[in-house]
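For reference, the structures are reproduced in the following blocks.
Paired with chain B in one complex and with chain C in the other, chain A is shared by the two complexes that follow.
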Partner chain A sequence: MIESIMFGLTIGAILYLVSIGFAITFGTMRIINFAHGSIYALSVYLFMMVLPYVQNFVLALVISVVLIIPLSYLIERYIIRPLYGDAVHYALVATYGVLFATTDLIKWIWGTNPKLISVPTKVTLQIFDVDFPLYRLIIIIVAIAVFFALNLFFRKTIAGKVIVAALDDSTGVRCLGIDQYRYFSLVFIIGSVLAAVGGIIYSPIVSAEPYMGFKFVLLAFAVTIVGGMGNLTGAFYSAFGLGMVIAMTARVWPRLSEMMVFVVMAAVLLIRKEKDFS
Partner chain B sequence: MLSVDSVDVFYGHAQALHNISLELKQGEFAFMVGRNGAGKTTLLKTICSLLSCKNGSITFENKDIQKLRTELLAQQGIRYIAQDKKVFSGLTVKENLQLASFAAKVSLTETIDMALEIYPEFKDLLNQKAGMLSGGQKEILLIVRALIGKPKLLLIDEPTEGLASIVIKDVFRLLKMMKGEVSAIIVEQNLKLVSQLADRVYTLREGHMVKEISNTKECAIMEELEAYL
Partner chain C sequence: MSQIITTVGLSKHFGSLKAVNNVNIAIKEGSINGVIGPNGSGKTTLFNLLSGYFLPTEGTIYFQGEDITHLTPQNRVVKGIGRSFQLVSIFPQLKVYENMVLSVIRFLKRYKTGSRFYLSRIDANKEILNDCMQCLGMVGLEDKAQLRSGELSYGDQRLLEIALTVALKPRLLLLDEPLAGLGDVEISFMLELLQRIKKDFTMVIVEHKITKIEDFIDELFVMSQGFVICQGKPSEVLYTPEVRKCYWGEVD
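Entry: the complex of A and B
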């Protein structure tokens, strides 16, 4: 049981890192950004390319994340920005196209076979008499640290406050004379960086394969829906909650573990619909 | 100051405004009255570029402003206050003012002083989440926010809608205080308020401008306006 809880926390931490950018983009710009999955997958493959040269996990992570920033800027600037304010399905189709294109690019450059990345530290800790890998504990700590850092960013900086305000009333922000799109770009890049970090630190736990972006972007979508669209704290609880759902279902029926996330998402949507209706 | 000339606006294929023209001089308060669906909000949103017009022209201080984005117009002094009384509810009252002061490049201290001068009750509410304010306080916060940085033209959509009569008095007091300092086009159904503050009244019906009253004395005759509601 303890093992499952720790596994759930690890998955939850990764889900949070990968989903937060998706949730912010959805909440502020009303854009369902499937290209988020491209960033996630590409960053892992870039990392695999860089790691043998630098022989240092953290340094390779930093370099890969830096390399992914221009790509995320290009996606925001030339694919997403022209679609701000348009119907939600335009961006959905456009970003889905990006996800397809990058998946094919990955297959073309790196092939279709899954690739393994070794864990940077094999040290284990004894938690409640269970051996728990230090690396997974680091992942959980990183996610919690990111949560607090983002909270500070949103509460204490003007850029953060503009985003919080835009989550409430994007028209109101524009009517004050603030060019919110500048801030959206910044937040888009922050979200992409976090997706890249999430993807890279998760890659030693799972294997890297070209379709990993598809799988994770759907999970990020579920986290965003369950957490409440645009609710950044909600996304944190939702990510860890759904991480637990995956871990607990995996104990009983591993094949259904990820499907349960979408069952929970559907249930949450139904409950919300009932509430709204009543 | 503002000139709207023969403007047509469409929602898809449906025409919402037909050949609308209006004029506003500096310091004037123009009110727009009309039934629901008459096109009053559409016109305000078109002036501030939240909607675009198919035909016609909109000029502000002799410059064509049709192609300018809403945020750029706000920087040039045209501020729109929506009907829904939506403040930035996740931020405190002070932070709401802070964003306005940041946008207008005015110091926060100056902004807060101004806000407290206009509405002293904000003193105890500065650190409260704006979402917790009453409807009237939200409307006042929206107007105060829009006033920061000395705008030239306010477009205010139904400022007293849904407010208790005691709160309407506060909004009325604020609008009266603003009169002469800033120009405004205000959509309003409260004819008592219109009759006391209007320099001009435009009446709309089904997207058409049906009457313009530009005589202050005539504006004060409520019975005349009632016919258009």
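Entry: the complex of A and C
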């Protein structure tokens, strides 16, 4: 049981890191950004390419994340920004196209076989008589630290306030003469960086395969919806909650575990549909 | 007096609906203008065209002699056009003073420069905070500066929105139904407020409660089915037969 809880927390942590960018993009710009999955998958493959050269997990992570920043900027600037304010499905189709293209790019460069990445530390801790890998604990701590850092960013800085304001009312931000696109680019990049970090630190636990972007962007979508579309604190709780759903279902019937996430999402949508789509 | 904003043949069509139809208006600098008309007569669409939220189907808008037809909303604010909305447009998750800060950050020197600005603290600049408090004092909200703006009463939210718009230091103030949804006491406070600030701005006010603002405006425009059907001094315009007909449905 405790093992399952810890597993749920680990998945929740990753879900949070991957979802936050997706949730902000959706909340501020009303854009369902499937290209978020591209960033997630590409960063893991970049990481695998960099790792043998530097032989240091953290350094390779930093380098891959830095490499992914220009790419995410290009996606925001040339694919998403022209579609701001248009109907929601335009951006959905465009970014879905990006996801397809990068997935094929990955298959073309790195092949279709799943690739294993070794865990950087094999130390385990005794928690309530259960052996728990230190590495997973680090993942959980990283997610919680990111949560508090983001909270600080949104509560204290001007950029953070502009984003919170845009979550409330992005038309209103424009009528204050603020060039919101500068801030959108900034949060888009923050979101991409977090997705890349999430993807990379999760990669030793699962394996890297070309379609991982599809899987995780759908999970991020579920987290965003359950968390309340643009509610960033809600996304934190919903990520960990859905992580638990996955872990607990996996105990009973592993094959159903990820499907349950979408069952929960559908249930939440049914309960809340008037509020969210009015 | 020179003209601050002029429209030439301004039209906005939504499919077959002609929401704004060949509107030619000229607003004099320093004047207070009212726009009235039945629901759906194109008043708010006209505002959206002036403030840049819609691009016109045809026609041109000049602001202080410059063609601004294709300028984005935020660039129009920079030029000096501030607007308030029919439905209150504030940021409920932010505190009252933080709302104000967002409206003045454009005036910070560092705004145009570097990335450090992005991460600077919202309450770091005392001068800006003073400006904000002064603006809040003007609308009587200085005591509520630390509240979350979503917790304010509807009337106070309206006042905050006016303060936000005024803090942009616009030359031209577009107010979309500033009295809508307010109680009698709040209406008199709002009118008194508008009276107090009117010397500093050119104003265009869309308002249904025309009798409340009648004494206060210099020029009245009446819209019907996308056209400006009548304009002039309110005392004259309101008694012309076609205005009475379309606005009150009277025939005599």
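Operating definition for what follows: the second predicted complex is superposed on the first by the 273 of 278 C-alpha atoms of A that agree within 3 Å, B and C clash if a C-alpha of one lies under 4 Å from a C-alpha of the other, contacts with A are read in each partner's own complex, and residues count from 1 in each chain.
By our rule, contacts are C-beta pairs under 8 Å (C-beta built on N, C-alpha and C of every residue); 3 or more make two chains touch, one makes a residue touch a chain.
Note that the structure is a prediction, hence the values are computed from the model and not measured.
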item: Chain A as common anchor, with chain B and chain C clashing or fitting; value: clash
item: Contacts of A:Asp179 with chain B and chain C, given as first, second, both or neither; value: both
item: Partner chain(s) touched by A:Leu167 [first = chain B, second = chain C, both, neither]; value: both
item: Dominant toucher of chain A (residue count), chain B or chain C; value: C
item: Partner chain(s) touched by A:Arg77 [first = chain B, second = chain C, both, neither]; value: neither
item: First, second, both or neither for A:Ala159, with chain B first and chain C second; value: second
item: Residues of chain A that lie at the interface with chain B and also at the interface with chain C; value: 158, 161-162, 164-165, 167-169, 171-180
item: Complex contacts: residues of chain A adjacent to chain C; value: 153, 156-162, 164-165, 167-169, 171-180, 183, 186
item: Of chain B, residues touching chain A in the complex; value: 48, 50, 69-72, 74-75, 79-82, 86-91, 95-96, 98-100, 102-104, 131, 142, 145-146, 149
item: Of chain C, residues touching chain A in the complex; value: 51, 53, 72-75, 77-78, 82-83, 85, 89-94, 98-99, 101-103, 105-106, 117-122, 164-165, 168
item: Interfacial residue positions of chain A with respect to chain B in the complex; value: 158, 161-162, 164-165, 167-169, 171-180
